[in-house]
């Protein structure tokens, strides 16, 4: 029983490069958010809907390791895996590679809390546990 | 009686360049927001305070013309002038140039509405008119 | 004979909103660049390829007018039209609206020079004129 | 003998917030780059000068942990410490806190390679070792 993964594809924008002619490091965290958004949507409820129900996933920790170059107009694929380090945490491990040849670009993760609209820790409601269960079991 | 102007200085961040080794065009609008923030602060009330009192300045229109190169670590100065095209509009004209030699980088403007927390047009309260009056008369 | 237009669809990223819960104004210029990239690709040569042949389209002027709200996860479509104000200029007029109901979000344009790798004005080569011709005639 | 630290102060820009009314997580990596830029400048050579001499510090790994809220217009201070995990690596550990009351916002680090203009690992020249020595010894 392996953990299911989700793949999201993006194309590097011009403004996401810097004068080294590579992707600017901070942008990878923005792409991670795109990967999480599409991963959750595939599980049956968009993160926008989750927020509308009053639950938020603030980032608690994020890490990225860079493994190879990428620049403007490259097609990159992000493969994400979801896990739950604890009842009050959701974690996404995300690998980024070139879509055409699989060459690695970056890998890392983000860990999120489960919070209410005021940023206070919130006990995950039943509907949320069901969605996250779908994302973490093979 | 000339209109008073305000000068804000910034330093170009690495992530604000692109692979042409110049500033990425969209970032100029972000700098404009920095210039407006400091200009309003100098008039005696920060924009954060204005929002706390329930008044917002959504951008209605923005324009930038690029006149010369700039890159990472350059010191740029933004000279802004405020005007009121109508009772419900605030406008900032902003020139950006190199701090060391005055060489031009960009010029343009942003026009803002006056709105309440729901984004609806709001009649500017007395305290707001007083602040804006300070910014627009010589 | 109408000018052909190109449509590019994007989804608003979380990091593209601000605390007003709307799209942050500077991001629209980044989306414009995405629209230009896809528009040129459809004409048969990517902008990445154009740069590899030594031709650059630096932004000379950009303008955006905001006409309606948009926020995280909204699907937006950008309809772009290309024109040539002169031999040494390329212009893109771009309308942004909601994909689901067509409600307007923003409209504006960007004007570009034709330059070599050193940023100097360059006479457009034959292959470039042919591509741009395809984009501007109905 | 403690490691010397450098403090850089920034003010949160409007575009650095998101619709949760907090700082957008990816922006912290951009601030880290601002902290590194000012830290190196204080040691006697700007990173722009280092690049002009043909040496680059590509990001190999970056991590951020979030510890408290921050929003638009907040003054934040970044305290950075430099270290050298190996001859070919430079590391910056950076704590971010509110300037007015010291309340923590985020902490983390970035690890950098030493590379030439083509991105290949480069043996640090003598002048670089001298600068980095200043930054890492108490």
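Here the chain labels run A, B, C and D in written order, and each chain numbers its own residues starting at 1.
Basically, a contact is a pair of C-beta atoms (placed from the backbone, for glycine too) under 8 Å apart; a residue touches a chain by one contact, two chains touch by 3 or more.
What you see is a predicted model, and the numbers here were worked out from it, not measured in a lab.
Asker: On a CA-centroid basis, which chain has its centre farthest from chain B's?
Answerer: A
Asker: Count the C-beta contact pairs for A-D and for C-D, then tell me which is higher.
Answerer: A-D
Asker: Could you give the separation in Å between the centres of chain C and chain D, each centre being the mean of its C-alpha atoms?
Answerer: 34
Asker: Rounded to a whole Å, what is the gap between the Cα centroids of chain B and chain D?
Answerer: The separation of the two C-alpha centroids amounts to 28 Å.
Asker: Rounded to a whole Å, what is the gap between the Cα centroids of chain A and chain D?
Answerer: 24
Asker: Please set out, as single numbers or ranges, the residues of chain A touching at least two other chains.
Answerer: 14-15, 20, 25-27, 30, 33, 72
Asker: Looking at the complex, which residues from chain C come into contact with chain D?
Answerer: 14-15, 17-21, 24-27, 71-72
Asker: Going by the contact rule at the top, pick out the chain A residues touching chain D in the complex.
Answerer: My answer: residues 20, 22, 25-30, 33, 56, 58-66, 69, 110, 119.
Asker: Over in the complex, which chain D residues touch chain B? Could you list them?
Answerer: Checking each residue of chain D against chain B gives 11, 13-15, 30, 33-34, 37, 46-48, 72-73.
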